[in-house]
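Note that the chains are named A, B, C, D and E in the order they appear, and that numbering of residues resets to 1 at the start of each chain.
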Amino acid sequence: MTALGAGRARPRGPGARAAENVLFAVGLPVLAVGLWAVWSTRSANRFLVGPRALLDAFRQTWIGPAFVDDVLPSVYRLLAGLFASILLGVAAGVVIGRIRPLREILEPLLEFFRAIPPPVLIPVAMLLLGITDTMKVVVIVSGAIWPILLNTIEGVRATDSVMLETARSFRISRWDRLWLLILPAASPRIMTGVRQALSVALILMVISEMFASSAGLGYRIAYFQRNYLIAEMWSGILLLGLIGVFLAVVFGVVERRVLRWYHGMKEITRA
Amino acid sequence: MRKILLGAVGLLGFLVVWQLIPALGLVDPHYLPYATDVFGRLAEEVRDLAFWRRVRLTMTSWAIGLTVATLAAVALGTVVGLVPFLRRATHTTVEFLRPVPSVALIPLAVLMFGLQMRAALVIIVYAAFWQVFVQVIYGVADVDTVARDTARSFGLTRAERLRYLVLPTALPYLMTGLRLGAAVALILAVTAEMVIGNPGLGRMIELSRSAGDAVGLYGLVVVTGILGLLVNVVFRFVERRSLAWHQSVLADEAAR
Amino acid sequence: TDPSPGASGELRKVRVAALPISETAALWGGIKAGIFREQGLDVEVVPAQGGAQAIPALINGDIDFAIGQPFGPFRADLQNLGVVIIGNYASSYADGDDINAVVASPKSGITRPSQLAGRKVSVNSLGAAGDVTIMAAVEKDGGDPAKVKFVEVAFPDAPAQLAAGNIDAAWVTEPFITQLRKRGDVLVVAPYQATVPGLATLTTITSSKLKDSDAALVADFSSAMKKTLTWAKDPANEKDLRQAIKDNLELPEAVADSVRLPAFGWELDRAGLEQLATLAQKYRVLDRRPDFDRLIQQQ
Amino acid sequence: MPDGSPLLRVEHLRKVYASGRGEVEAIGDLSFTMDPGELLCIVGPSGCGKTTLLKCLAGLLRPTSGLVEMEGSPVTGPSPAMAVVFQEYGRSLYPWLTVRGNVELPLRHKKLSRAERARLVTDALDAVGLPQSARSHPWQLSGGMQQRVAIARAIAYQPDVLIMDEPFAAVDAQTRADLEDLVRELHLTRGISTVFVTHDIDESVYLGQRVLVLSNSPTRVQEDLVIDLPGERDQLTTRALPRFTELRTHVYEQIQRAKRGPAAAPQPAP
Amino acid sequence: MPDGSPLLRVEHLRKVYASGRGEVEAIGDLSFTMDPGELLCIVGPSGCGKTTLLKCLAGLLRPTSGLVEMEGSPVTGPSPAMAVVFQEYGRSLYPWLTVRGNVELPLRHKKLSRAERARLVTDALDAVGLPQSARSHPWQLSGGMQQRVAIARAIAYQPDVLIMDEPFAAVDAQTRADLEDLVRELHLTRGISTVFVTHDIDESVYLGQRVLVLSNSPTRVQEDLVIDLPGERDQLTTRALPRFTELRTHVYEQIQRAKRGPAAAPQPAP
């Protein structure tokens, strides 16, 4: 996938490959943690904690009932929001990307909503939907949908003209054209959007719980923050990061499957 | 022209729906005021110089934050995207850092920079950076294989390949990243003002909120939305000029 | 205390964090009236949103003093952050209409604190004076405090949520109490008054570092604050006070003129604060007790 | 089908590409007709508007002015009875589908049993000599192989009208000869009407019943030549006929004239 | 330059594409040499590995095994003295640059004055017959025009070694003849060593000093034929020579043999 670097030979055996992958995955984090540990022994800042204290806090805070009470419901809402964002974003993106008048009607409106900070949106969402899980999922969707929507629109618009003409000339039905041409052609862009949405959704999960809530991962973090439970707060952020990495790994597997053709195509001359 | 007209139709439709929600009694107008009231208040506000000063403050932190974030993201994204080793080595770290909510970092930013605009800037940069960064990484990887071979066979230098091949390929991605980043930067500029309390639109929103002044609050929300709209108009313009060769723009031209 | 040498010469710059609420009127008014200038201080009010932001800034030295709810310094003290309460700022009323109260929607049928058990009650911030005193009030009235379901709703959002039926009762401050009562909602209890009458709502805090390194400044500021709060308590100055609200908060005229102000005063009610901490411990909001000897250093 | 009414009627066709800066008049004024079941070859200088013309015929491009009629009714969009092989074969294959998937793609909306579809695809891939590449992706194939996949797709579709834009440009001489015979065979046995753009003059004469020579742009018809060779042709004997040489020389001259000036007076057929 | 040491030496070259499912042996075992200043034509069946070979020569693809040497040292990456015209011309032009920008692009890092650069670009565009399209973008051009832009880019670059992969596939007969003469002229006057892949057998004989016929994949050299036509050639007289016809028939037969089996025994040159 390198456009500048020359080709590079890679070890072949599956065992070696797996070991290499693990090394790449943990190399930099381990290095960073090491530096951080050294640094924390020298710095006396109360708002930054060392890895040990953080780990202790993590164990005490999250391993146990808090996991079931706070983390799982949050993750559930996160996933619900994420799936809703993907479905809505891709569906709306395809429609908006293909139908130019619709795009022109909606674009200013969408841009308008996109610029509204979720913290001021939450009271309205609360009014219309109550203090419910639905409200929180809606808040997540209201932020996570944008990268998917925008990327889908752009991906759909950029469908190669010759490919489109091919489909048209063979009278491929609208439905088939959607599944066999437009979505695959846009899929690299859509995947970019989904990857971005993962982290945005996680952020909005936190924000949705920082207001009008009494449980959840985001609420906990806000609570620790307000109470200067610094190590606990960082442990919450650590947990968020871990969830982010986990989502990214799952997504990576899906992406590799969906975009196998794309990566294959890009890699040919790397050999 | 047609575009502006259609866009106006869309906005108008939204305003009508907004007006109808309290009018039909779906929500008490105390909490979701009539669109007409809100715009009436806005019309008063825009005559006030203090209002424009706040807009300027917010937009200044927005502009600085977005610029810094974009420059950093393009530079780092290009390097990381182009060097497979870096890409693989940073993957987990990036995925770990990305979902850290900027709002949760506000205390840290305050601790480091005090209750100042700089604290808000750090937050804005942090949030907007990832939006652009991810897009750049994917965009840089999207270089066509034949186009790349062409560049290599003609012995283009690294800098030239970057300038004439990689960046144009990544440009559509970058544009999307910029538009996403611009909105996120605006959101955080406002949110940071709401939470940290540095002067600007966000603080005004918070003031209206604590005073229970729904009309003023929604007026300011509308202003935020309009700012987002204007920002998008600017980016759309830049995009049309810089992506005139791109399929997406061509398709639009052909349809005319 | 005597004014420091700077009285006639240069003014010392002081940054004070305060919430952008009507209670801050005393500070604004005092500055406008020149009380701080007399003391050689040039005060800039930084509108921080609560202790979560103000205390880091205090520790980092970006601001010199902060005015905030007592739970902030409680928590900070438990974490050894080096924060001291140097004086009171505002308190609730021991009798008469209080400045905060639990209000229930008429639909809910709640009229007494004990009925709050099993219902959804909002406070602006969980794990602080609001829910602690409400639980105490419920218990005092014979209800089960553990059964109250608290949710976090910001004061300004509470009326709407109450009307929408998303919550059964809300703990709110002025001007929302007046607003809610006007529309027919039921005042259930003023929890401060019911449990710790005259409890401090806002205190003045600084970092122990500043207090140790620049005692003169702390002393100057304290004496100016003391004068300011006395000035604010004087009914003759109420007009100026209300004007300060209008100038700084852009509240509608009518609201600014009618909003109920707290009891201003510099002298700390240490017993009240300790009682609050005891209650908090009892309801497991705090797991330890702040070290009051260290935390409270009345100036 | 030769009931006298033409399959295709093009009258005063004009196409101007209007892009940001300035306009390009690709086709000036073009008129011709084509009978059902005919095999019409189109030749002309590079950039004269052949691809543009084909796109107008296929209903993929709207003419600026003039008329394109198919079976008596104006062409407004692609017709289901038509298959197109594009000049940019690389971009007309979908990289996310395998070769088989690409060939099968347009068959999906024909009401065919699964077995029948599979047979059509297999036959078409056999016909273009790619039976072993069915499971590859297009980007794993050489240029010529990609082009043959595009041809296979059009054949498998079993169209009534086949439109081909330089379909054999990227294949070797031997394969080309085989494919030429394939096109002739399809034309003869199934009566497929074929419009065939090529740059190979011999090919145009060998394949066509008629050769349309286009002038340089703005394009007009430079010459409309009936190829009076016997209907039964084969690579060796037909190409050795003296008449074949005469015709190819004539076409060659016409193209040279066409290149020189857009509106050179047409010469009488030899 | 003919000091005896070859410009290019290919020995036991083997290239296997390893993709997800299974491997494709594109080149089996290929050995040949090429002298400096030579014009070598390569022909072979579609999909036999010509493009793969060119990419290995150009240093764009790493051979699976075997040796590719240029001027005595192994090829590890693209050499600045070399220009390549790709078979997929459409994708090798950058849509964001104008035609002029595309042609000028590789000249940027040559130390040339602005005027000189402009002259080179203008000359190259004139040579391929596109002086009026300099300010268009590639997607505003027809297929043949795009291909000519790619050729112009290679010419303007003034390489010592020119590698062309079916460069005239999309242009009309007349233009093709002109471009063939252009390549011969560049080769004769500037002594550019040229490797030229084509499917047109006449073209390979007309242009080449040597024609390399490749077998079907896994590829070997089917025949290495020296074209003993006079050095001075022109389209009419050379193609009319009986020797020309002999040679082209021979090459044609070889390709047919090549298509039949991968390892057919080479025939002696006629």
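The definition used in the following text is that a residue touches a chain if its C-beta (ideal position, glycine included) is under 8 Å from a C-beta of that chain, and two chains touch if they have at least 3 such contacts.
The chain list, named the UniProt way, goes like this: D, E = NitT/TauT family transport system ATP-binding protein.
The model shown is predicted, which means the values in this text are computed figures rather than measured ones.
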| item | value |
| --- | --- |
| Minimum number of chain-to-chain contact steps, chain A to chain B | 1 |
| Two chains sharing the most contacts, counting C-beta pairs only | A-B |
| Greatest separation from chain D - chain, by CA centre | C |
| CA centroid of chain A to CA centroid of chain D, Å | 48 |
| Inter-chain centre distance, chain C versus chain E - centres from mean C-alpha coordinates, in Å | 84 |
| Chain A and chain C, separation of their C-alpha mean positions in angstrom | 40 |
| Contacts with two or more other chains, residues of chain D listed in rising order | 19, 88, 91, 140 |
| For chain A, residues that touch 2 or more chains besides their own | 47, 123, 127, 160, 225, 264-265, 268-269 |
| Junction residues of chain B, two or more chains touched | 31, 107-108, 111, 145, 149, 165, 194, 209, 246, 250 |
| Partner chain A, residues of chain C touching it in the complex | 50-52, 55-56, 59, 75-76, 78-81, 120, 125-127, 149-154, 156-157, 160-161, 164-167 |
| Parts of chain A lying in touch with chain C, wherever the complex brings them together | 46-47, 123, 126-127, 130-131, 211-214, 219, 223, 225-230 |
| Complex contact set, residues of chain A against chain B | 1-5, 8, 24-29, 32, 45, 47-48, 100-101, 104-109, 111-120, 123-124, 127-128, 146-147, 150-151, 154, 157-161, 188-189, 191-192, 195-196, 198-199, 202-203, 206-207, 210, 218, 221-222, 225, 233, 236-237, 240-245, 247-249, 265-266, 268-269 |
| Touch list for chain E against partner chain B, complex | 55, 58-60, 77-80, 82-84, 86, 88, 91-92, 94-97, 105-106, 108-109, 137, 139, 153, 157, 163 |
| Complex contacts: residues of chain A adjacent to chain D | 160, 162-163, 165-166, 168-173, 176, 180-181, 184-185, 187, 261-262, 264-265, 268 |
